[in-house]
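So, here's a batch of structures to check.
Heads up, the next two complexes both have subunit A, just with different partners, subunit B and then subunit C.
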Partner chain A sequence: MEIIEKIKTNKSIDNQTEIQKICLDKLQSSPLPNPRSEQWRLSNKSKLSNFLDYSVNENYSKFDTPYPKNSQSTVRLIIGENCQIKLIEKNYSIQQLSEDELHKYIKEQISFFNQNEHWSDLLNLSLSCKNNILGLKINGSKIPPIEIFSHASSNSLNAKTLIIFLENNCSVDLLQVNLCEDNSSLSQSTFFCLEENSSLNHGVVSYGVNKSNLLNSLNVIQQKNSEYNLGSLHFKFNYARFEIRIKQSEGNAKTNIKGMQITKKDEQISTYTKIDFDGPNGFLDQINKSLADDKSHAIFEGSIIVPKIAQKTDASQLSRNLLLSNLAQIDTKPQLEIIADDVKCKHGATISQLNEEELFYMRTRGITLTEANKLQLSSYFQEIIAFIPVSKDRWDLLDKLLNEN
Partner chain B sequence: MGNENLVKDVVKEPYKYGFVTDIETEKIEKGLNEDIIKLISQKKEEPKFLLDFRLKAFKKWQRMSEPDWAGLGYKKIDYQDIIYYSAPKQKDKISSLDEVDPKLLETFDKLGIPLTEQKKLTNVAVDAVFDSVSIATTFREELAEHGVIFCSISEAVKNHPDLIEKYLGTVVPASDNYFAALNSAVFSDGSFVYIPKGVTCPMDLSSYFRINSGDSGQFERTLIIAEESSSVSYLEGCTAPMFDTNTLHAAVVELIALDDASIKYSTVQNWYAGDEEGIGGIFNFVTKRGKCLGKRSKISWSQVETGSAITWKYPSCLLLGEESVGEFYSVALTNNLQQADTGTKMIHIGPKTKSTIISKGISAGNSKNSYRGLVKMGTKATGSRNYSQCDSMLIGDQASANTFPYIKSQQPNSEIEHEASTCRISEDQLFYLQSRGIEFEEAVSMMVSGFCRDVFNQLPMEFAAEADKLLALKLEGSVG
Partner chain C sequence: MQSKMKESDPILEVENLSASTDNLPILKGVSLTVYPGEIHAIMGRNGCGKSTLSKIIAGDPSYNITKGDIKFLGENINSLEPEERSQSGIFLGFQYPIEIPGVSNLEFLRVSTNARRKFLNKEELDTFDFEELVKEKLEIVKMDHAFLSRSVNQGFSGGEKKRNEILQMALLEPKIAILDETDSGLDIDALRIVASGIKKISNAQTGIILITHYQRLLDEIKPNYVHVMSNGQIIKTGESDLALELDKKGYEWTDNFIKET
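And now, the complex of A and B:
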């Protein structure tokens, strides 16, 4: 809990920016989230404390990306690399946000923060130095795919922040990869603002090595007629927590989420989602899958909030879970809070193991047990992986997952 | 759009059980301390083990704090401003119903509860509880012939102290939660049922709870024990007069089912819900839990919750015995400013256990109706199954319907399925029914009744009719 001690004495960072000061001040009175609160009650306290045990690393260190960049048109950015980007083409432009714009936006966001719910963001913004904040403004059409990497180096706590404004009418494929080395912690906070008629296909792939930790927070604001598609995959973390907060600020927007988390050994990975419909005619289709093996623990908590103004909302949430070992455990809590009466809202949850009849069928056709298991898992994974915007010839995520499991 | 207002209008229905019986009562002074508990125990001539149980619970209660996780908004309760014992004055011991104050009999008559023996045809034995004490229990001799014990818990303490000592607090321990601890310290009366081995109870058993006094709380305790291969169906009903103050009702119900035994527990809860402004009404904080101790035992909860200003109630099943079964069927209707946070807990501990949850919530007016349930598969619950279905119906755009299912599994060889949906009374369906000549009011009533059908089918016949009527009454009103 090295960081917390430092936050208490407000000596964590030298040369604090104004944003860091505001966040540190907010954290000082109660530096840790309330373990009894609904958002944190299932979180493993000792693992969270382990996350905070490393000292902060603000410097960029080189690392190997999981696959080479071979397409000329792909835009690849690494947070913290001190990259300057200003791409102004005929059809589109990708530019960095000015310091003033960043400052204004973050300050506005912080004003809505609730200590428990946004603790991960408060921690991130109090530790994230200027170099580790990447802000982009994207507009135009025929925008090339974008890849953004965040990396945590060994024996350190790294904080990276990403802010993207997607301007009116533009459509982008964005893959975000979070990589953690051995014994490292990564605090990643992402803020997206999708303006009217824009569309974002977003993929998040996060994985670590041994004893890697991740606090990944994603905040999305969707304006009218925008579409946000998220495919996410989290695996190989001692402790990982993925928080998704989506607000359809004026309704009339579409959100599709397909997420998966895979836990083994004594890992704990959790996904928390909160979808706010602040206007009518909103749409949500969400599937979250968990697979827990060995002594691991997978958690999903999803909440859908439909106030009076959000008439004609159509929201569905499904939590599907596979429990593969006697010592593993799964907690799931899909919840609905509805006031508007003319809505279609539903949720579902299942927990079971791999289907034995299917296994038996395949084995009677001469397929070995290992192969049959692999086939079953691949069909389970495929639904999510197909939703992540990554070209298969460069990075075969399904093969990677099947080899790891 | 006009229909929306009509729907809102038809859910307004005056509370018809709101009268007060003018009867001389014996009350003790307000407040809660060790002396009060000793006084209650002394009035009931209880053995020492029970007084110790109460005092221990009181000590635990003092160290606990009122739960706030359900997010129910209500004025802080002053526990020292409540009378913990109130009983109608009558002769010490009632040997026959003729000795019961006629006013009391009249009260229960007005409520439609058959206390007089000539109403035998209904074939339901009733234990009537008025404020803090049990007034009368019918059909006792007939039941005794089969070895069934059905009496008030105070009598059971005197006549069967061994059973009470063995089972009281084993399902809901005093330290279980704040309201259970309070009940354990001050419970005044309630019902006791013991079904011996191999006996199928020849008639339905029923308790009827009536709060009459405005400043006293009601803290009843029910204990039902079903021995091996026995079965019983138990019904519970409740009403209260209209007061502009809130009255506290904190009950505890414990059920124990041994090998092959089956208990069916049905409730129609119609406490006074407060007026349209939310003034008055009962705070209903109840802990109900059943333990399926034996192999192939079965506990089934069915409830129709229409009353109370605030309902905080989670009838649960601990499924310990191999192949034991737990069921929960619930309809909760809230209107005006009522708040209901209700659901169930199905804790699968033994192997091959099964549970089913069907919950229907109807929210109207400015009310808040939440389903909160837990399904847990323990490490030894191999081959266990759960199925949950929670549906909500919203009437008007001011009411809220929430679903909070907590699902936890530690056993790979088990299956959990949960689904929830939300709907409203659609214009199309109303139009269809009305075009077939069905009155608007009846059409709404039919749709609500159809929505609740899965649950009503599970209620014993007497109650199913009552529940249907109750919902229809709530939906009856000024159709313009």
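And now, the complex of A and C:
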């Protein structure tokens, strides 16, 4: 693993940024995450090793978007390609963060990083060159929907970083798309800061081809009266790991999460979430769905942390899983850590198979077994897909999923 | 009684049918013949095999036919898939209609109807044409249009679920309908609506098998034949007055028939 060797020897390269140097320093003592730690114990070691096997590609490689062409009403950005943006309109503005702003923010974030918990971010920031970091500040109203693409080209490891400040009272729909080509690895780290009264409808759609790998880390800080809605979908990865860390820094904020991962063959896809309530009156409604077929492995680990200061928190976390094969594996662990005494918190997990009674019912109405399966899966997918912004009008996600399952 | 000469060929012939699930015998030699225009009622204690018979005719893969044949319009259908049986005109109205969250009732009904229409070499209906057809059929069961936009049977009351079953029957226009305890859980008004719907849909070319415990459905829809089942067998067949007698005397009365058998 060339990257780990590089981290161990920590050879300074001329064009390394200060951030890269800080992160490499932090990783030097233990370049890999602790495989016995809670966050990494279920992670497939050989697949993680495969993730790190490729050489780092810092250049932008053109790719064909398999999605609808750019539309006039949507702002489309590709990290690494067109990082220059300055849109100042009557009602809103979308501008790049200055280098100083970026530098200051990332350094501040890194100071809070814990080696195991933020290993993916440390790796990302140690590999992300200037061109592959996109920082934006958005303000105003009637902001057009935004699509942001990250792409990994074949036989290489690509690191992309996205940082967005959503200023006071601003509301935006943003779809983030992570695409991996054959035999590639993508390290994607995303940082959102939602200021007071702002609202973000965030979609994450990640999909690969054969032997694609993804480390996708998402860090969100919500100030009071902000609302963060996340709809996510991960599928077709040899190895993918989606880490979500959300902090309601002063409480009084709303978070809604609906996520889904689909695994087939011998793939492993995992979702880890940590929601911190650092103030009172916080709200969370989370549902995570996994669908595992063949010999694949789907993992969900969620934790909700409610300290004493977070009185009147209302949080719900549900993990619903569908096991389609006897050889597939699902691990799920929703958990609550509650210190505050006046809260309403609940969590739960279910693992089931396609419902035989439903199938027979549909078949007695002339619907073939294949169609009945599709209808069942469609109903399973629908709840999540409907929650992914921007995609629903222009993308054919549901058809795509149904055709591939 | 069923041996009398009929003018047309039977729709359904169940011949000496035995079936099991998980190696447990449930049906032990059931025979039943339904001709066009006939209404048959099957009665019997809980667990006697009534619902199993209906599911086996509809093709439930969780049961194995160990002996005997099921013939539909003269063809043996023992090995046909449930969807093939439905498409060719066999309808099973469920005792407990299944809820399918996330699947719109309208779309479900349209896909089902088109599967049947395709079999009948009729043109498949697009959403607009289907809306017209379904609007007309909703009248039969006095259902509100709003039910179509909800998920299949989800959140429906017991009566609404049964009406949705009859709506499906109206759309699929089956040759034979087996209605498994369609009257259970219905109040008097709902029972009348459902019974009137069944009567409107049935005609001289269709056959109906009503599985029921109660005379009140048979007051609304008078059967030509009543069969009493016990322990996986039909132990007595009579005309509609058999149901009245059963209503008066209870199933203990039928124990004597078992002894005679």
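In this section, the second predicted complex is superposed on the first by the 395 of 405 C-alpha atoms of A that agree within 3 Å, B and C clash if a C-alpha of one lies under 4 Å from a C-alpha of the other, contacts with A are read in each partner's own complex, and residues count from 1 in each chain.
The rule is short, and it goes like this: contacts are C-beta pairs under 8 Å (C-beta built on N, C-alpha and C of every residue); 3 or more make two chains touch, one makes a residue touch a chain.
None of these values were measured; they are calculated from a predicted model.
With subunit A as the common reference for superposition, the partners subunit B and subunit C occupy compatible, non-clashing space.
Shared-chain residue A:I79: touches no atom of subunit B or subunit C. More residues of subunit A lie in contact with B than with the other chain of the pair subunit B and subunit C. Look at A:L48: by the touch rule set out above, it reaches neither subunit B nor subunit C. By the touch criterion defined above, A:L174 reaches neither subunit B nor subunit C.
Contact with subunit B, but none with subunit C, is seen for A:Q335 once the two complexes are overlaid on the shared chain.
Contacts of A:S379 after superposition: subunit C is touched, whereas subunit B is not reached.
Between subunit B and subunit C, the smallest C-alpha to C-alpha distance in the superposed model amounts to 13 Å. On subunit A, the surface touched by subunit B in one complex and the surface touched by subunit C in the other have no residue in common.
Subunit C makes touch with subunit A in their complex at residues 58-62, 81-83, 85-87, 91-92, 94, 97-98, 100-103, 108, 111-112, 115-116, 119, 151, 168, 172.
Of all the residues in subunit A, the ones that touch subunit C in their complex are 356-358, 360-369, 371, 375-376, 378-380, 382-383.
Listed in rising order, the residues of subunit A touching subunit B in the complex are 38, 308, 311, 321, 323-353. Within the complex formed with subunit A, the subunit B residues making contact are 69, 377, 379, 392, 394-424.
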